[in-house]
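Scrolling down, you'll hit the structures one after another.
Look at the two complexes coming up: subunit A is in both, with subunit B in one and subunit C in the other.
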Partner chain A sequence: MKLLIVEDEPALLEEMKNFLERENYVCEVAVDFYTAVEKLALYHYDGALVDITLPGGSGLQLIEQLKKQNDDTGIIIISARNSLDDKLTGLDRGADDYLTKPFHLAELNSRVKSILRRRKFDGATTIVFNEIELLPDEGLVKIGNTNVFLTKKEFELLLFFISNKNRLLTRESIAEHLWGDNIDLADNFDFIYTHINNLRKKIMKAGGNDYIKSVYGMGYKFTNQ
Partner chain B sequence: MKLLHQTLRVYLFFSVIIFAVSVPLFYFLVQNLWMHDVDESLIFQKDKIVSGIISSGLDPASIAGFSSTAGNLDLGISVSVLSEVRPEKDTIYNNRFYDETRAHIEPFRELKSVVNINQKCYEITIRKDLVESADLIRGITVTQVILFFFLLAGLILLNHYFAKKTWRPFYQLVNLLNTFRIDEEKPIQPEKTEIDEFNDLNQSVSKLTENNIRTFKAQKEFTENAAHETQTPLAAIKTQLDLMAQESGLTKKQAEFIERMDKNLRHLSQLNRNLLLLAKIENDQFDITEPVDIAQTLKEATGIFEEQWKLKGINVQVKIQNSPVISSNAYLMQLLFSNLVKNAVKYNIPGGFIEIELNENIFRIINSGQKKPLPSDEIFRRFYKKGEHDGSSGLGLAIAKRICELLKFGIEYHFEKNNRHCFTVDFDRGFYFSHL
Partner chain C sequence: MKLLTKLNIRYIVYSLTVMLVSGIALYFILSAVITSQMDEQLAGTLQTIEKQLEKSPVAYFSEPFAQVYKVENGPETTVFSDTLIYNEQEKESEEYRQLSVIKNIEGNYFNIKIRKSKIESADLLENLALVTVLAMLLLTASLILVNRRVAKSVWLPFYRNLKIVEQFSVNGKTPVPLVKSGITEFDQLNSVITGLTKQVIFDFQNQKQFSEDISHELQTPLAIISSQLETLLSDGDLNTEHAKKLKSIYSSVRRLTRLNKDLILLAKIENNQFSSNEESNLKTVIIEKLDEFSELIKLKKLTIETSLTTDFIISISPMLAEILVNNLLSNSINHNVTGGKIRIESLGGQLTFSNSGTNEIAHSEKLFNRFYKENPSSQSVGLGLAIVKRICENHSISIEYSFENDLHRFTLTFQI
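Now for the complex of A and B:
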């Protein structure tokens, strides 16, 4: 899978590139509008991460160009702006998702995966982790032949874990993923604990293993090691 | 006191002084002139009598006859022959006599003159009626008073006229200044007037407001840009922290630091976002005329927090009447509701309650919480915080208030007994569409 990252802040660009490469994506980068235009004209990408404010032009124009050339490229806007207008404009012009800075890398990862899944396989994929099988489109989880009935939040949580398997997920990043902008309610960490406990119990009750490991009380890791 | 009244008062004061001085002044002047004139005419009359006696060669007996006739006719002339010879002499003095025809004492001017004609010595007395001083003073005063009232009426009328005409640009300017709002970003531009001073003033005011607006804009843009630009480096730090958290061999202590940094980072970026949002609301970047189904909006807003209040054991009652639709902005309404609901959940006590009421006129949310009232004049200020919740940005209610101001709603807080914190949004001042 080949990704193009368009971002003018070098430090952020570097970290995103390193991170995504470790996730086995092939990454190319562009630090300004013209480089991005050139690369999009020359090569084909499976996904593009586009910042809106760029030296030389707007990321929104890039999206339009991209839509004209390769309609199957998944696009995520990465913007410092959190306004509804920008979001709607971006999605209108054909972006698949909108991520507001600052974000957790785990969040970026799960969004990229979800978009590529939708784009490349029309969403008709199952995600498998050992005995656990997820059907994102139907919101179904199976262990062997047993259906596991999860709440919406529990399902999101499991998908987030599996998208970021073997990676430490801080409680902050989990809370942000589950509740978005409304996570500053003081008791969120208790909620996470409750959700994780329920998820763990339901999986184990259906015959699955407990893959959720607590790390130093700062977060969780979904791993079979 | 109005400037006009002030000048009028000065004018009036001055007029009264002039009036008070002028009455005696006129009196003495007129009396002096009059006296002078009377004296001259007395001397003239005496000279005529003397020349009459000389030319007609009257003997003392006929003169005595003339004198008694004149006395009888009350002509005020008497001529008498003196027994001894005295030097010629004119004496003029004031005298008073009882006037029979007018039946009261009248002032007279009297000339007593000793003359020598044909070796005979005569005493001639001539007197003339004087105008009474009281009459004179009365006459002058009446004239003056009438003039004074004309002057007064003239002053007041002229003043009034000038107030309307000359000062009109001034009042226009005051009006413009009173309705001036810096956030509307329209500098004051008064009409040109015929008066140079007002033109100067207008120009200065116009320049001043332009400068203020420019500064205001720059400040707003700065807030927006600063908040916006900091998000990117924050994003870089956050990703770096994420990567650091993945490092193997992390100690528990290091992990704690990472978590705390992550949390603070989120607060910082949330703060930034809220500042950005406030700047946007203040920049009027929202269309506030779209019809919004606020019952639906409220349901969406409460939906976000349902999980939280359930976990906190809060009993929530929502009463919605009539599904009102108001002219507003969907995003801002959602933000307003969610800020207030969030507030009610966040500062609630475990096992507490929330009561929400919505109809076409008001939105009211009552929640349990700490047992004493909040300072109602402070809670809507930016960065107001209740010590125990360090996680809040202190901007939620400030944003709610700004939204209400923009949408022309009223918002207020009050505390009812039994631990009820009550926030009320009054839509009445907003434009109302219809019931669905």
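Now for the complex of A and C:
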């Protein structure tokens, strides 16, 4: 899978690139509008992460160009301005998702995966992690032949974990992924703990292994190591 | 006191004083003039009597106007005086002007007293005074009336502008639209006020822009710090001490991030950057949010009681409606007791969010202030309710807090 990251802030760009490369994506970068235009004209990408404010032009224009050339490229807008207008305009012009800075890398990863899944396989994929099988379209989870009945949030949590396997997910990023970044749960992180415990119990009851490990008391990791 | 009243009182006091003083002066001057005229007439009569006495030097009387009698000797004198003479018919004393002369006429000394009644002149004086006073009163009254009329129209633009200035808000984009009066002083005042308000708006906007810019500029560095921290934490090769430090850094960065996001949101609400030509039904939003929070509610063993009989359709951007309900609801989850309850009720034009609690908020008047935290050790940013308040203010919803029966209650009143 090949991604183009368009971002004018070198440190953030570097960070995103390293992160996504570890997820086995081939990443190319552009630091300004013209480089991005050039690269988009020359190559085909499976996904593009586009910052809206760029030297030389607007990310929104890039999206338009991209849509004209390759309709199947998944696009995520990354913006420092949490503006509904920007979001609506972006989605209107064909972007698939909108992420506001600062974001959790795990969140970025989960969004990229979900978009590529939708675009490349029309969503009709099952996600498998050892004995656990997820069917995102139907919201179903199977362990062997047993159906695991999860609530909507528990399903989202499991998907978030599996999309970011072997990586530390902080309680903050989990809370924001599940309930959006408008909820302030800082005083109530035991919510997360209880929530994760419920998920863990349900999986184990259906015969699955416990893959959720607590890390440094600040987050969790989904891993079979 | 109104300027007009004050001016009128001054006018009245001033004109009354002038009237009094000039009335007294007029009286004295007039009586002096009249007396000197009478004295001239008396002197004229005296000459006639003297001529008669030269012809036939005999004493005679004509009471009360003339008395002529012989006296033994001089010296010769001339005395003008006022005197009272009793009138038998009228049974009262009357005032007279009298000229008393002792004179040697043809070798005989005569004392000649001639008098003239002052009644007529007193009448004249009275009438004159009356006319004068009346004229003055009339003049003053008409002056005040005219003055009132003129002042009212002259001050009209002033009062109109005063109303306009009263409605001035630093949040407005344009300086106050003052009415031109054509009166130099007022127009000067207008230009001063316009200048001042322009400056105030400019400074305020500048200040606001500055803090907004800072918030926006902070987003990218925060994104870099927090993503690098996440990478570092994910690496796994950390010893416990480092992990502990990083964890603390990470929580602080997250708090900073949240704070910054909330401040940006608050600024955007204040700037009216959300369209309000859309309508949202708060009832629907509440039902959606309750569903979204259902796990949280279950985890805290809260019971939900809703009685939402009416729709609350208001013109508010869907995003703000969501934030409004989100903040109120997450507030009532966060500050609840385990096993407590949340009650959401609609009643007439009111919507209430209640949640269990043990104590009343100590400083409920500060509850909606920015950064107010009932519990200082709380990790939350303390902007949630400030945002709620701001959204309410911008959409003509009044919000109040109360505590009764162990329930914290937020009442939203809609103006229908």
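Heads up, the rule we're going with is that the second predicted complex is superposed on the first by the 221 of 225 C-alpha atoms of A that agree within 3 Å, B and C clash if a C-alpha of one lies under 4 Å from a C-alpha of the other, contacts with A are read in each partner's own complex, and residues count from 1 in each chain.
What we mean here is this: a contact is a pair of C-beta atoms (placed from the backbone, for glycine too) under 8 Å apart; a residue touches a chain by one contact, two chains touch by 3 or more.
Fair warning: this is a prediction, and the values are worked out from it, not measured in the lab.
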Fit or clash - subunit C, subunit B, common subunit A: clash
Subunit B versus subunit C as contact partner of A:D71, first or second or both or neither: neither
Touching partner for A:H104 - first (subunit B), second (subunit C), both, neither: both
On subunit A, the residue positions that both subunit B and subunit C contact, one per complex: 9, 11-12, 15-16, 18-19, 80-84, 100-106, 153, 167-168, 170, 172-173, 179, 181-188, 191, 194, 215-219
Contact footprint of subunit B on subunit A as seen in their complex: 9, 11-12, 15-16, 18-19, 80-85, 100-106, 153, 167-168, 170-173, 176, 179, 181-188, 190-191, 194, 215-219
Residues on subunit A engaged by subunit C in the complex (per definition of touch): 9, 11-12, 15-16, 18-19, 80-84, 100-106, 151, 153-154, 167-168, 170, 172-173, 179-188, 191, 194-195, 215-219
Touch list for subunit C against partner subunit A, complex: 216, 219-220, 222-228, 230-231, 233-234, 236, 238, 240, 243-244, 247, 250-251, 254-255, 257-258, 261, 264-265, 268, 273-274, 292-296, 299-300, 317, 319, 322-323, 326-327, 330, 333-334, 378-381, 384
Interfacial residue positions of subunit B with respect to subunit A in the complex: 228-229, 231-240, 242-243, 245-246, 250, 252, 255-256, 258-259, 262-263, 265-267, 269-270, 273, 276-277, 280, 285, 304-305, 307-308, 311-312, 331, 338, 342, 345-346, 389, 391-393
